[in-house]
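Sharing a structure with you now.
Chain nomenclature is as follows: A, B, C and D, assigned in order of appearance, with residue numbering initiated at 1 for each chain independently.
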Amino acid sequence: MSATPQAQKLFGHAEENNYLKCSSGIKSWLFTLDHKRIGIMYLIGVTVALFLAGIFALILRSELFTGDENFLTEAQYNQMFTLHGAIMVFAFIIPSIPAALGNFVLPMMLGAKDVAFPRLNLASFYLWMFGTAFLLTAMLTNGLDTGWTFYTPYSITTTTAVIYATMGAFILGFSSIFTGLNFLVTVNTMRPKSMGWFKLPLFIWSLYATSIIQILATPVLGITLLLLIAERVMHIGIFDPAYGGDPVLFQHFFWFYSHPAVYIMILPAMGVISELISVYSHKKIFGYSFIAFSSVAIALLGFLVWGHHMFTSGQSQLVTLVFSAITFSVAIPSAVKVFNWLATLYKGSIKLVTPMCYALSFIFLFGIGGLTGLFLGTLSTDIHLHDTYFVVAHFHFVMVGGTLTALLGGLYHWWPKMFGRMYNDFLGRVGCFLVFVGFNLTFFPQFVMGSRGMPRRYARYDPEFEIFHQASTIGAFILGIGILLAFGVLVHAVFFGRKIGGNPFGAASLEWQSSSPPSFHNFDHKIHMNAPYDFGAMVYDEEMDTYIQRDFVTPESPEVPAAEPTKA
Amino acid sequence: MLNLIGLLAQTESESLVPEAPAYREGSYWFPEAASTFAKDVDPLFMLIFWVSLVFFAGIVGFMIYFVIKYRDRPGHKVEKSASHNTALEIAWSVLPGFLLIWFFVDGATGFFNMRVTPGNAEQIQVIARQFNWEFHYPNGDATTELHLVRNRPVEFVMESRDVLHSFFVPAFRQKQDVVPGRYTYTWVKPTKEGVFRLYCTEYCGDSHSLMKTNVTVHNTQEERDQATFYPWEDETPIKNGQRLFNMKCSGCHNNTDVKKTGPGLGGIWGKTETLADGSTVEVNDNYFRESILNPGAKLVAGYANQMPSFQGKLNDDQIFWLRAYIKSLTPDAKIEDELNLPASEAREKVGEADGEKPAAE
Amino acid sequence: MTDSHDHDHGFAHPVSVKLLLSVFFSLVFLTVLTIVLNDLPLGSADIVIAMMIATLKASLVMLFFMHMFWEKGFNVVAFLSSLFFVSLFIGFTLMDTGSYRDDIDSFPEDKQPAPRVPRTAPGVSSNDVRPMPPATLVEGSISPLAKPNPHVRL
Amino acid sequence: MSTVETTADSHDEHDDDHHDHGEFIAHHFDSAEQQFDSGKLGIWVFLVTEVLFFSGLFVAYTLYRYHHPEVFVDASQFLDKVLGGINTVVLLFSSLTMAWAVRAAQLGNNNFAGKLILITMVCAAAFLGIKAVEYSHKWDLYILPVSYYNYMEGYHPEAETGGIAGALNISKWLVTLSMLPLLCLALFSAGALFMAATGKRLMAQFMLALAIMMSGYFVGAFAGQTYQNWHEANLAAEEHAGDHGHDDGHAAESATAGPDSTSERPPQIGVFFSIYYCMTGLHAVHVIAGMAALSWLYLRCLKAHFRPDYFGPVDYVGLYWHLVDLIWIYLFPLLYLIN
C-alpha cells in the first residue's frame, strides 16, 4: 500500500515549522502562549515536584525501617510527611495529567488551534510556579508540620510556616481553577462544527468532568485557606475553639474541596486509560457513552460524599449515615469504566507495548485501590480502619497506582507526538515492571498493618509492625528506581530516539493527524474529521513508517470543514 | 532545609510511653478481638474481602486471558464485536449495587452499635492533651493508663485540651476523635482479659507517635480498683509529684534537661534563666508557682507562650508535690527533710514552718 | 423588550434605556421597602421576607442588567448551577450542627462524676485551652490591632 | 479528495465577513462571535467560582447565626442601616450605569460608554469611602474580630486633639484609611497635569478620570462622616432628653471600669464581627479589583476600541461588576437588617 503524494506532504516533517523549533531562545518559552509549550513546561515542573516529593517519601520510608529513631527526630519526620503530602497533592498530582498532558493534547484532540484563553493558560503555569515557590519557602524557612490537610486547631498553634504553605496552596488552587476554566470553555466553544459532543475522545470527556470539579470545588479551598490564614493571624473564631470556633467545621470546608479534588486526580487518569486501552487493542472502545457519562457522574457525585473523611471526627450520626450511603454510589460509575475497558480488550488485537503495560497495570492497581475503598465506605469497618495505614495504602493505590501509572502510560503514548522520537520500548517495559512490583511491595503490606491497627503519621511504632514496614521500605526503593528508569528512558528518547512519523500507533483521534512534533499551528492542513476510535480508517504505510488515513489511498472521502464553531 | 538542620542538634528524650504489650494475633488481618464490636467489624470486613477478591480475580483473570488470547501477532486480526451492549452495561452497573446496599446496611447497623451507649455503662472521663492521655474513674481515681473491667460496658466522655486527638484501641475496633471545644463520646464492652494498645490516631504534633498507652482489662472490679488506686496521702511528696508530672506535664516537659515543647525540668532548680525580654530570673519557689498559674508572665527566651494556665486545675497540695519532684530532679538542690515523709505528714510540717496550712481547694 | 432587538447588531443585544431605568428604580424601591419592613415587628418571618426581597432584587439584576433574559441556555445553567452547589455545601454542613457546642466548660478535674450533658450557661468559656485576651483597654496604645498576639507566626 | 488539497491556514477563509477589523480577533479564533462566546462563557464560569468562593463565608454565617441568633441580633445594632442602605443604592446605581455602558458599547458609542464607566468608577470609590467611615467608627469603639473585640458599653472615643484627625474632628482610623486614596489622588492629579503638559492628551484624560474616581472616595467618606456626626449628635441629644444619667462623665467612668461591662454580652459577639469583617472585607477587595478593571475599560473607551461586533470586555467586566452588586444585595440584609 502506498500513500498519495498529498499524504506524504501531510505527514512529512516540517522541521522549521514545528512548535519546538519555530522560535528559539529562553524568552520564546517563558512568554509563549502556545498550549504545547506550556504543556511541556508544566510537565517539567510537575516532574521536578514529583522527584522532590518522592525523595521525601524515600527518606520517610528509610526512617521507618525500624520502629525506633534512625536518623530523623519526630519533628523532622512530621515535616517530611507533611511536605511529601502537600507537594505531591497540590504541586504534582492535581496539575499532572490535566495541566501537563491535557494542555498538550486537548486542543489538538478537538481540532482547535489553541485553548480558548492562551494568556490565562500561561498565567496558570506561572501561578503554579509561584504556589510551588511558596511551598518551598515554607520548607526552607520553618518547615511545615500540619499534614497536608491543615487541620485546625493544630495548624493555628504550631510554630511552623503555615502561612507560607497555605498561601502556596491558595495560589496553586487558582492555577488549577484557571486550567479548569480554560478547558471547559475550550471544549464548549473551540470545537469545529463537525466535532459533536459524542465524537470527543474519552480523554476530553474526563478532562471536561475534571474542569467542572476544578471550577466548583477549588474556590472553596481558596476561602478555606484564607479563613485559616485570618484565623492564624488574628483569631477570628470561626475554626479556633479557643474563641468559640468549631474545628469540625474546618474539616467540612476542607473536604468540600478535597474530596472532589480526589476526582480531579483520578478522572483524567481514567481518561488516559480509556485512550490507551482502545488504541493498543486497536478496537473501538466498548460502551463509549457509558464511559463518558460515568466521568460526569463521578464528578457530580464527588460533591456529595466529602463527609466520608469524617466518620470518626465527631460529625453527627445522621450526616455520617447519609454520606456513607452516597459514597457507595460512586463505586458504580468507577466499576462501569473497569468493565468497559475489559470488554474493549475482548476480541481486540492487543499490543503489549509500554503504554499498554501501564494501562493494564493501572487496571490491576486501580482495581485494588477501588475495592479497598469499599472497606472504608462501610461505616463499621471504617471506624476501625480510619486513620490507619489501611487508608494510606488505599489512597496510594488510587493516586500512585492510578494517577502516576496513567501519567506514565500517557507520557509513553504521547511522547512520540511531543518530540517526534521513539523511546526504547524494552527498557520502557522494564521500568513499568519495576514500578508495578515496587509499588505492590510498598503498599500491599500497609493494608495488613493498617487493619492490624498501625496508625498513620507515626514516626515511631510498635515492634509487631516492623516486618511489614521493612517490606514496604524495600518496595519504595524499587518503586523509586522504576520511576527513575521510566523517566530516564523518556529523556533518552528526546535526544537519541529514532525519528518517527505522525501516527506511529495507528490511533484515530485528531492529534495524530498532525506531524510529530506538531507544527506551531497544530495542523498544517485541513483536519479529516473521523470518529476517535475508528481504527479501521487507519492503515499502515511502510514507506512512511506511519499510519495514515485509509482515505488517502482510496480517494473518496467525506470532507468536513473544520471551521465554524458550534454554539456553546 | 535550615530548620531540619537546626533540629538535628536536638536529641530524643526518654519516653514515658509504657512498654508495648505483646501483639495478640486474632486472624491474619486483625489483632485479637477484645470487645463486642469485633463481631460487627470482623465478619463484615471478611465478607467485603471475599466479595472484592472474587471481583478482582475476575477482572484480572479476564484481563490476562484476553491479553494472551487476543495478543497482536502475525495473522491475528481484530474480530468484529459489539461496540456496546446496553443490557449488559446496565446489568453490570446495577447488580453490584445490591451488594453495596448489603454492605451499607450491615455497616450502618454495626456503626450504631458502636455509637449508641447502653444505659448501664459506667462513665470514664478521658482528657487528651499533647501528648498523653488521662483517665478519670467514677471513684475519683486518675491514671495515665486505662484500666477496664471485663464484660462491663464503659462510656468514655472525651475532651481535648489543645488540638484534635483520636482514641483508638485496635483490639476493641473502636475509634473516636477527641475534639477541643466539644465533648465526644464513645463506648466499649471489653470481653477479654489482658493488656492492649491504645493509640492517638489523629495527628496532633511533634510527639504524636508517642501518644500511646496501654489498656488493661481486669477480671473484676476489685482488681481494677487496686490497679487505679494510688495512696496520695501515704506516699512522699516527691513520688506524688512524679505521678502528677507524668499526668500533667510530661507531654511538654522532660524530667531531664533536654528541651521538648517546653524546657526540660531536670537540674533546673536554682538556675538563673534568661527571659524573652532579656531580664533574668532565678528558678525558685515563687517563680515555679507563677509559671504554673500564669505561664505567660515570665517566658524563658526561646519558647513560645504555649503552656495553659493551671489556675484552678491544681490545688496547693498538688503544686507543692510537683515542686518537690522538680526539686528532686536537681541533684545538688537541698531537699527538705519533710519531702521524704508521707504526704499527709509533710503537709503538717510545712504548715508549721510557714505558719499557715496550704488550703486544699 | 421588543425595542431591545430593534437593530441588527449581530450577537449584541442592547437593552433599552427605559428598561434599565425601570429596573434601577424597582431595585431602589425594594431596598427602601426592605429597610422599612425591618423596623416592623415581624418576628422570625423577617429573615424570610428580607431574603425573598433580596432574591427578587438579585433576579432583577441578573435578568436585565446581566442580560440573562437573552443569554444562551448553557451559560444560564452554568451560572445557576453554582447556587445548587452552594446549597449542597450549606445544607450538608448545617445538617451536622447538632453535635456542635461552643460553650462547654472544661471538665472539673477534681470533682466527680462528669456531667453527661455539659453546662450551657452563656458566657462560660473554656479557659484551659488558651485564655481570652484580657478585656481591658491597653493604655496609650495607638491601635488595638497592635496588641501583641503570641500566636502570630509565619 | 479536497481534504488533502487544502493545506495550511484554511481557517482564515472563514473570517471574510470580519476581516475589516480583525485586529481584535486572536489568531486562534475563527470569528468574532466565537471569540465573544468563549469570553462570555469564560466570564460566567468565573462568576461561578466567585459565588463558590463567597459561599464559605455564607456557610460560616449561617452556622453561627443558627447557633447564636441572640448574638446576631445584638451585634447588628452596631451596624448603621442608613449607611448600609446608602451604600446599597450607590452600588445599584453603579450597576445601572454599568449596564448602560454595555449598551453604549454595543451600539459603538465609545464616548458615552466611557462617561458611564467613569460614573461607575466614582460610585465604586464612593462605596469604599462610606465603608471606610463605617469601619473606622467601629475600630474607634474596639468593635473588632473576636480576639480583639473589646467594646465597652458607654465608651465614647474622645476626638484626637492633635494632628489631622483632631483638626478635622474625625476618627484617626478614617485618616489612616484615607491615606492611600489621598496618595493615589495626588499621584493621578500630578500625572494628569504632567501628561497634559507633555501633550499626551489621551493619557492626561485617563489620569484625570482616575483622579476623579479617587475623589469619589472622598465624596463618599465626607457624606458618610457628615451623616455619622449628625447621627451621633442626635443620639446624644436623645440620651440627654431621656435623662438616663448617661452623661459624659459616667461614660468615661464606665470606660475605665473595664471588663465588667463587656461580660454582659456573650463572648461570641466578636464572632459576628469576625464574619462581618471577612465578608465585607472580601467584598471590598472585589470592589477594588472592579475599579482596576473599570479603569482599563475606560482607557479602551478613550481609544474607541468598541463596536457592535467587539464589545466583549465591557460586557465581561460588566457581568463581574453586577456580581459584586449581587453579593452586596445579600450581604446588606444579612448583616445590617437583623431583628
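Here, a contact is a pair of C-beta atoms (placed from the backbone, for glycine too) under 8 Å apart; a residue touches a chain by one contact, two chains touch by 3 or more.
What you see is a predicted model; the values in this text were computed from it and never measured.
The interface holding more C-beta pairs in contact, when A-B is weighed against C-D, is A-B. Compare each chain's C-alpha centroid with the centroid of every protein C-alpha atom shown, and the nearest one belongs to A.
Distance from the subunit A centre to the subunit C centre is 36 Å, each centre being the mean of its Cα atoms. Chain centres here are Cα averages; for subunit C and subunit D they lie 17 Å apart. Computed centre separation for the pair subunit B/subunit C is 39 angstrom, with centres defined by C-alpha atoms. Under the contact definition stated at the top, the residues of subunit D that touch 2 or more other chains are 33, 37, 40-41, 45, 48, 52, 55-56, 59, 63, 147-148, 267-268. Each of the following residues of subunit C touches two or more other chains: 72, 74-75, 81-82, 85, 89, 93, 97, 99-100, 102-103, 125-126, 129-130, 132, 145, 149, 151, 153. Counting partners per residue, subunit B has 162, 180-182, 304 as the residues that reach two or more other chains. Only residues 32-33, 36-37, 40-41, 44-45, 47-48, 51-52, 55-56, 58-59, 62-63, 66-67, 81, 85, 88-89, 92-93, 95-96, 98-100, 102-103, 106-107, 139, 142, 144, 147-148, 150, 152, 255, 258-259, 262-263, 266-268, 308-309, 311, 315, 318-319, 322, 325-326, 329-330, 332-334, 337-339 of subunit D touch subunit C when the two sit together in their complex.
Against subunit A, in their complex, subunit B makes its touches with residues 1-4, 7-8, 10-12, 20, 23, 28-31, 37, 40-41, 44-45, 48-49, 52, 55-56, 59-60, 62-63, 66-67, 70-72, 76-85, 88-89, 92-93, 96-97, 100-101, 103-104, 106-115, 162-164, 166, 168, 170-171, 173-177, 179-182, 184, 197, 199-210, 212, 304, 306. Interface residues of subunit A, counted against subunit B in their complex, comprise 69, 73-79, 139-143, 145-147, 151, 153-154, 157-160, 241-242, 244-248, 281-290, 312-314, 317, 320-321, 324-325, 328-329, 331-333, 335-336, 338-340, 342-343, 345-352, 360, 363-364, 367-368, 371-372, 374-375, 377-384, 386-388, 448, 451-453, 455-464, 535. Chain contact summary for the complex, subunit C toward subunit A: residues 72, 74-75, 81-82, 85, 88-89, 92-93, 95-100, 102-103, 125-126, 129-130, 132, 145, 149, 151-154. By the touch criterion given at the top, residues 9-15, 17, 20-21, 23-24, 27-28, 31-32, 34-35, 38, 41-42, 46-47, 50-51, 53-54, 57-58, 61-62, 64-67, 72, 74-75, 78-79, 81-83, 85-86, 89-90, 93-94, 97, 100, 102-103, 122-123, 125, 132-137, 144-145, 147, 149 of subunit C touch subunit D in their complex.
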